[in-house]
Amino acid sequence: MTETSAQNFLDKTLGHLRGAWRGIAGGLSGDGELILGPALPDSDLDRLREQMRACLEGRGGEVSARARAASLGRAYIGLSAEGRARFLTVLASDFGVDHADVQAGAQAVVSAADEGSLLRAERQLRNALQPPRVRLLTQFNALPEGVKFLVDLRAELLPLALENSALKGLEADLKDLLIQWFDVGFLELRRIKWDSPASLLERLIAYEAVHAIESWDDLKNRLDSDRRCFAFFHPRMPDEPLIFVEVALVSGMTGNIHALLDEDAPVIDPESADTAIFYSISNAQKGLAGISFGNFLIKRVVDELSKEFKGLKTFATLSPIPGFRDWLDGRFAEGELKFLTAGERKALKSAGLAGGSKGGLKNALESGLWDETPDLAAALSGPLMRLGVRYIADEKRGDGRALDPVAHFHLTNGARVERLNWMADTSDKGMSQSAGMMVNYRYKLDEIDGNHEAYSGKGEVRVSSAIRNLAK
Amino acid sequence: MTETSAQNFLDKTLGHLRGAWRGIAGGLSGDGELILGPALPDSDLDRLREQMRACLEGRGGEVSARARAASLGRAYIGLSAEGRARFLTVLASDFGVDHADVQAGAQAVVSAADEGSLLRAERQLRNALQPPRVRLLTQFNALPEGVKFLVDLRAELLPLALENSALKGLEADLKDLLIQWFDVGFLELRRIKWDSPASLLERLIAYEAVHAIESWDDLKNRLDSDRRCFAFFHPRMPDEPLIFVEVALVSGMTGNIHALLDEDAPVIDPESADTAIFYSISNAQKGLAGISFGNFLIKRVVDELSKEFKGLKTFATLSPIPGFRDWLDGRFAEGELKFLTAGERKALKSAGLAGGSKGGLKNALESGLWDETPDLAAALSGPLMRLGVRYIADEKRGDGRALDPVAHFHLTNGARVERLNWMADTSDKGMSQSAGMMVNYRYKLDEIDGNHEAYSGKGEVRVSSAIRNLAK
Amino acid sequence: MTETSAQNFLDKTLGHLRGAWRGIAGGLSGDGELILGPALPDSDLDRLREQMRACLEGRGGEVSARARAASLGRAYIGLSAEGRARFLTVLASDFGVDHADVQAGAQAVVSAADEGSLLRAERQLRNALQPPRVRLLTQFNALPEGVKFLVDLRAELLPLALENSALKGLEADLKDLLIQWFDVGFLELRRIKWDSPASLLERLIAYEAVHAIESWDDLKNRLDSDRRCFAFFHPRMPDEPLIFVEVALVSGMTGNIHALLDEDAPVIDPESADTAIFYSISNAQKGLAGISFGNFLIKRVVDELSKEFKGLKTFATLSPIPGFRDWLDGRFAEGELKFLTAGERKALKSAGLAGGSKGGLKNALESGLWDETPDLAAALSGPLMRLGVRYIADEKRGDGRALDPVAHFHLTNGARVERLNWMADTSDKGMSQSAGMMVNYRYKLDEIDGNHEAYSGKGEVRVSSAIRNLAK
Amino acid sequence: MTETSAQNFLDKTLGHLRGAWRGIAGGLSGDGELILGPALPDSDLDRLREQMRACLEGRGGEVSARARAASLGRAYIGLSAEGRARFLTVLASDFGVDHADVQAGAQAVVSAADEGSLLRAERQLRNALQPPRVRLLTQFNALPEGVKFLVDLRAELLPLALENSALKGLEADLKDLLIQWFDVGFLELRRIKWDSPASLLERLIAYEAVHAIESWDDLKNRLDSDRRCFAFFHPRMPDEPLIFVEVALVSGMTGNIHALLDEDAPVIDPESADTAIFYSISNAQKGLAGISFGNFLIKRVVDELSKEFKGLKTFATLSPIPGFRDWLDGRFAEGELKFLTAGERKALKSAGLAGGSKGGLKNALESGLWDETPDLAAALSGPLMRLGVRYIADEKRGDGRALDPVAHFHLTNGARVERLNWMADTSDKGMSQSAGMMVNYRYKLDEIDGNHEAYSGKGEVRVSSAIRNLAK
C-alpha cells in the first residue's frame, strides 16, 4: 500500500468522522489541543507519550482525561498513513503490560501456599496482565462517534498487524474490547425500508458485498413489499449497520438470483408466500472482522418473519459457492479425467470439445462461451453439479472446516445443503467463481441444533436426499 | 437478613422483571424449560450444573446456548432467597478459573526464554485467568432486560459476598463486567420533565435518596420551569435511570433547602438566573454500587445548562454533611471543652445551659429543642459552624480521603468548599445528621482540574476565603 | 357569575396558555404590541376595532396579518372577564355579515332569470353570508396553541351567549368552524398508559367526569395490564385529550363499579378476558360542547380491542343513570302509590317503613340509610329496579329522545339495554343520582346498525330479555 | 386528453393509494362493498345515488355512514377515467343545493321584518346554500389517506371543470373545503435532510418544478451542510410535502444557478455565510392549485435560518423570468427597432448580425448560438438586460398584476427586485424562457410590509438602485 493509496483509504474510512469531531472542543476539551506533524516526526513523540500518560493517570480528574483522549483522537485523525502507523506503534509498544510485574505475579501464583493467597495472587496477576493501552482505548469511547472511531481504527490496524508483532498484540486487545461491547445482547435488530433515511440506504449500497446494488432503483426493488431487509445496529453507532440480510418472500424455493434482482418482476402478495429466501448477507464493518453476528441475525430474522407471516413454511438461502472454481482449477492441475464418466466425456466431445487428457471440461469452462451455448451447457451440467456437491459437502480444510467459506458459515449455523441450482447466477462474478451455480441452504427449525452439533462436533455435513442423489 | 425479609427484598427488586420474562419462551428458547425447586434442593443441583455447562459449551450453536441461558435466568427468578444463594454458590464455585491451568500458565511465564514465548505465555495465561462464569453471565445479556437482570443480581450478591469468599470472587467478576458495559461513553444523558412518562417519574420518587419526594406535587415542583433534572441512562436499560441530579436555577447562591422544596414559592424566569444549585444527586441502582458516574453527570449537566442559559455564572451544590453529628459524638467522648472559646462557653451559659465539663454543647444539641429556641441557636451557631468547617475540610480517613463522604465526592470532582449555611435543613434527618447545616460546594470551571489534583495528589482541600475565616 | 369568579374561571381555563404566548413575539409579530386596559375601557375600543380591521384587510401581507392576530390574541388573554366580554361583543357586533349586502344578494337570487345567473347569485350570496369575524377567528389558528385558544374561547363564550344574541351568532360561527376542524377524520386515537407523560395523565385526573380519580395510585390501577384507556387527540392540540374512555378487560359482564375501582383487586391476564367493560367516558374540552366524538371513539376502541384480544366476545358499558332520582322525585310529586304492587308495599312496611299515601318508597330513599340496611334494601330492590327499567327504556322527552342523557347517548350509538345492576355504585353520587344502580349497555356488532335505526327512526329502545322481564 | 392517457394520469395520481385502501375493509366497512362497472354504465347509476344518499342520511349511524363513504371512495378508485367523470357528474348534479329551498330562504331574507327574523332567515339561508355534496366529500376524510384522496380528486376534477359548469361548482366546493383544512395554521414546517426517508426524497425529485433534480447525487448536493430544504406538511398527509423550498447558504448574493447546482463545488462552512439564496420553490400537489402557502413558507424559513445562523444578513431568491421570451416575441411582432439604441444596433452589426428592420436582436436570439459566442453575447447583454428590467418591473396585466408570474409572487410577498444576472442559467429551459437571465428578489425584513402595500395597493414595484440604473 503506497502512502497515497493508504491516505485515500484512511480518508475514505475516517473522513466522515471529521465533522463529528468539530463539536467536541466545546463539549469536553478543557486543554489546549494536541498538534502533531502529519507524519508524526520523532520530535513529536515525547509530547504524544506524555499526553497518553496524562490520560491514563487521570490528571485533573476523569472528565479532563476523557477530554484529553478526545484530543488524542483528533490528533490521530490528522495524521498521514505513516504517522498513524507510528502513533499505533507508540501505543502498542510503550503501553503494553509490564512484563516484570507479570513475571512477579506469575511467581506469586506458582508459589502460593494456600487457597486464599492463590486467589489474591490470581487477581493481582490478572490486573498485571491488563495492558494500560486497553484503558486508553476505552477512553475514546466517551467521544461522539467514539465507538465508530475504534472500529475504524481496527480496520486500519488489521493489515498493519500482519507484519508487526507489537501491533498484533494491540489489535488483539482492541478485538477483545470490541467483543465485549458488541456482544449480541447489545445489538438492535431493525428493519430497513424504503422509508428509512437515505443516508442509511446509501450505506447499504456501499456495503452490499454479495450482489452489488446497481442503483437506487435496484435498491428500491430489494425493499419492496414482498422483500424484507434487516440489520443489526449498536446503540452507540445508530446510523451504521453492522451486518444486514436481504430476504425475498416467494412461493417455492427460488433457485435463480436474476429472478430476484429483476426490477420488472411482478410484486407478489407477501401474505401468500410460503418460502423466505435469504439471498444476500453482508458484513458492513471491516473493523469488526472476526466478530460474528450472522448466526444471530439469521435466527432473529426467522423469528420476525415467522411472527409476521403465518404462511411461511421454508427458510432457505440462495448462496454463491465462491471457492468452487479456484478449487476446481487446483484439481485440473492433477488431471481432469477422473472427474468425468465415460458418458460425460462422450457428451462433451459431441458438443464440440476435443477432450484430450487436459482438455474437455477445463477448456469448456475457460471458453467463456458455454453459458451461451445450450448444447455445451447441457453437457457440462452433469459433471459440474456433481463436482459442486462434492466441493460443498466433502471438501474440508486441514482443521475439518468445510473448504467453502459460505458453506462453513451456514453449516455452522445449523443449516443443511438443500439444493444445487444450475445456471443460477450467470453474472461475470457468478460464472468466474461459482460456474454459475448457487446453493440453497435450508434452515429447518427442528433440525438446526442437531445439524450444528453434527457439523461442529464430527465435521458431518447434512444434506437433502436430492443432494445425496446428485453426489452419486 | 431473615429469609422472609430477603424474599421480600428479592421480590421487590426483581418482581417487575417477571412480566418481561414471559415473552422470552417464544423468542429464544428452543428447549424445554429448566424447572427447579424453590429452595434449590440437592437433588436439583446436577441438572443445574449440566445446564450451565451446556450454555458454556454452546451446544446446538450459540443461539441455543443463549436460549438456555434465558431458561437459567428464569429458573433463578423462580427461586427463594435460599435457593438463589445456592444457585450463586454453584456458579461461583464450579465455574471459576481452573487453578491448575493458571499455575501451569504462570510457570510458563516465569520460565519464558524469549520475548516471543513470553508474549504467547502471557496471552495464554490471561485466558486461563478468565473464569467461565463470566462468559455465562455475559450470555444473560441477550435476554430482554438481561442487563437489568445482572444489575439486580449484583444487588443481591453484594450482601451475600460479604461472608463468602467464593461469592466474593463472583461479585468481583460481575463488577468488572458491569464496569465494561457501563462505561460512561455508553451512557445517555436525558432531561427528565413533567412530560416524561409517569412510570419513569414514579421511579424517581422511589430512588430519590437525599431529600425524599413526598408526593407527585412535590415532584412536579422539582420539574418546574425554573428547575432541571437530568439522568444518565444505559441503552439496554432505557427506562431505568442510573443516577440523577436535581438542579434549581436561582439568583444568588441558595443556602436553604426548604426554600427550594417549597411548592408555593414563586417560579422565577430561568433566563434571569445567575446560579445553578445542584441540590440532590442520587444513585438509582444498588447493583451498580462502586461504579461511579456522578463526576461525569455533574460535568455534563454544567455543559448543558451553560449552553441553554447564557446568564449562569455560578454552579454550586447545596449538600448535606451526613457524617457530622456522628463525628461530633465521637469527639464528645473525648471531652467537648476544647472545642469552645471562653466567649462561646459564656454565651451558652447565658442561653441557659449549664456548661459543665461534659455539658454545654452536647446537651444543647441533644435537647432537640435548640432549633426552635432562637437564643440557644444563636449561641450554638459560632461553635457548630467552626466545627463544621473543621470536619469538612480537615478531618481525614486513614487513606487521606475526607472523612465526610459527600465532601470526598465533590472534592474529588474538583469542587471547592464555598460556604457553610446555618439552619439550612431543619428536617429531622438534617438536624440529626448535619446539625441543620448544609454546604455549598462550588464548581469553578477554570479551577476544577487544579482542585482535583490538589485533593487527589496531596489531600489538599480548597476552600473559599469565607470558609477560611470561619475556620479561624 | 361574579367578576371574581369569572376571572378565576378564565384564569384556570386559559392560564396555562400564557407560557405559550411568550414565544410568539419573536416568531410572528413584526408590529408593536396591542396594549389594552384590563376591563377594555371605551377609550381602547377604537384601537381594538382598527387592529381587527387591519387583520382582515391583510395589511402588509398575510404573514403580518397573522402576526397582528397573535397580538390580538395576547391582548385578549390579558383582559379581565369584563374586558373579555366587551372584546367579544365588539367582534360579534362590528364584524358580522353586512345585512344590506345579504339582502341585495337575496334579491338577486329571487329574481335570477336563468340557471347561470342563479348559480352566480347563489355563490355571491354565500360569500355575503360569511361574516368577517369568521376569517378573524381563523387567523388565530396560526398561533402556537391557536386551536386550543379558540376552543377555550368558546368555553368562555358559551355562558355569555345565553343572554346576548350578538354573542350567540358569534358562538354559532365558532362552533361551525370547530366542527370543520374537529371532523373525526382528523382525530388520532391514542392509547394512554402508565408510560404516558405525567403532564397528560394529570389532565385525565382533572377531566374525568364520571368516577373521579382520587389519586395517582387510583389512576395507575386504571392503566394496569388488564385495563385500557384510549383518547382522541387533534393534531394541533397534541397534548390535550378531547374525549377518553376507560375499559376493563374481565371475565363475564361486570355489574359493580367498586370491583373495577378497587386498587387491591387482583390483576387478571387480559388474554383470558371475554368481556370489555367501558366504565367511564368523559368529554375533556368544554369548548367542544355539542360536537360529538363518543360514537366514533367507542367504535374505534372496539376495533382496537378486537384486534388485540381475540378472546373478547362481549363489549358493554357499565353506566350510571344520572337522571333517575330527579325523575323519580318528579313522580313522587304525583303520588308514589301507583308505582308499587301490593306485595311491595307490604314488604316495605315490614321493613319498618310506614307507607302512607306519600311515605314508603320516598321516605326509604331519603332516609339515606337504606343501602346499609339489608332488609330495607331488599324490599326496595324490586320496585326500584322496575322503575329504573321504565325510566331508561320508556321515558322520553318531547322530541322523542330518551329522557336519560346517558341512555340517549348509547342508544343513538346502536347499543341495547342489557342489564340493570342493583347496588352497583354506592358512592354518594351513585346513590343520590342513580339510587345505586348501574346499567350495562351492550354493543353487539351485528345489531348496532339496526338498533340505531330503530331508535333514531322510530324511538324504539332495544332491550335484552332480562330487561324485558324486569319491566313486567 | 384521450381515454388512455387520462387513465394513465389517474393511475399515476391515485395508484399509490390502492395499497392504503386494502386495510379499510376490516377497519370501517360493515356493509357489502359497492361494486361498479369500470365505465360506470347507466345501469349502475341508481345504486351509486342510493349509496350516496345513505351516506348523507347517516343510516345505521355516523360510523356506518363513514364506512359507506369509504366504500364509495374505493369504488371511485376502481373506475376508468370515463367512469370517474360520470361519478363526479352524479355527485355534482344530484347533490348540489336545492334551488327552491334557496329561493324560499332568499325571499325570507328579503322580506324579514325585524332584526331577529333577519338573523334567523340568514342562518337558514346559509344552511340552504350548503350543498349536500360538501358533507359527502367531508366524509371521505375519515379514511386512511382520505385527505390525500380529496386532494388528488381535485387534481382530476380541475381539467374536467373547465368544460362543465356542474363540475365547476363541485370543484369550487372542494376548493373551499380544502382551504379550510389547509389553513396555514395547521401546517407543519419540517426540514428535509439527507437523513430523511428515501421515500420522501424520491417525491422531491418528482415534484421539483424549477430546476429538475437529475439524480440522487444531485439531490444529495442540494441537502449538503451548506444547504437547507424546508417543506410544509399537513398532519393528515404526513408523507406528502405540500410545497418546498431549497436554500443555499453563501457569501455574497449568488447570481448564477450553475454554481449552486454544481455537485463538485466546495462545501462552505454555513456559519460563515452572510446570505441565504432561495433558489427553488415548488408546489407539490396539483390538487391544491390556487391555495397559496409560498408566502408563509418563505417567511417561516427566513425565521428558522435567522435563528440558526446569526451571520445571515441578506435573504434573496435566484429566480427565473419564465415569461420573458414569450413577451419579447410579442414585442418583436411590433418591430424590434425601438428597443435598441444606435450604439447597440451598431454593436450587433459588428458582431456579425445584419440588423435589418426586423433582424438583429430577434435573429441573434433565435440563432441559438449566441450564448457560445462571446462577442455576440456581449453585444446582446445591454439591450436584453434593459428589456428584462422593463418586463419585470413595468409590464402589467390588465388587473395591475406584474405580467411575470414569478415576479408577481415575490412582489406580493413584499420582496423587491434587487439584481438582474446575465448568463445566469444557460440550460435549454433557461435560454428559451428567460434568455439565460435570472433575478434576485430580495426580502429585507423591515421593508416587506411597505413593499407589499405599495405593490398590492398601488401596483408600485420596488427596485434597487442598480435595477433603476439598468432601466435607464
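By letter and in written order, the chains are A, B, C and D; residue numbering begins at 1 in each of them.
By definition in this document, contacts are C-beta pairs under 8 Å (C-beta built on N, C-alpha and C of every residue); 3 or more make two chains touch, one makes a residue touch a chain.
Computed from a predicted structure; not experimentally measured.
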Contacts common to chain B and chain C (chain labels): none
Steps in the shortest chain-to-chain touch route ending at chain C and beginning at chain A: 2
Chain C on chain D, rotation in degrees - Cα superposition, rounded to nearest 5: 180
Same-site or different-site touching of chain A by its copy chain B, using the half cut: same
Rounded Å distance between chain A and chain B, as computed from the means of their C-alpha atoms: 41
Whole-Å gap between the CA centroids of chain B and chain D: 61
CA centroid of chain A to CA centroid of chain D, Å: 50
Interchain contacts (touch definition) - all pairs: A-B, A-D, B-C, C-D
Residues on chain A engaged by chain D in the complex (per definition of touch): 19, 194-202, 216, 220, 225
Residues of chain A that touch chain B when the two form their complex: 26-27, 30, 59-64, 66, 97, 99, 102-103, 105-107, 109-110, 116, 118-119, 122-123, 125-126, 129, 138-143, 146-147, 165, 169, 172, 180-181, 183-186, 235-236, 295-296, 299, 303, 412-414, 445, 448-450, 452-453, 456
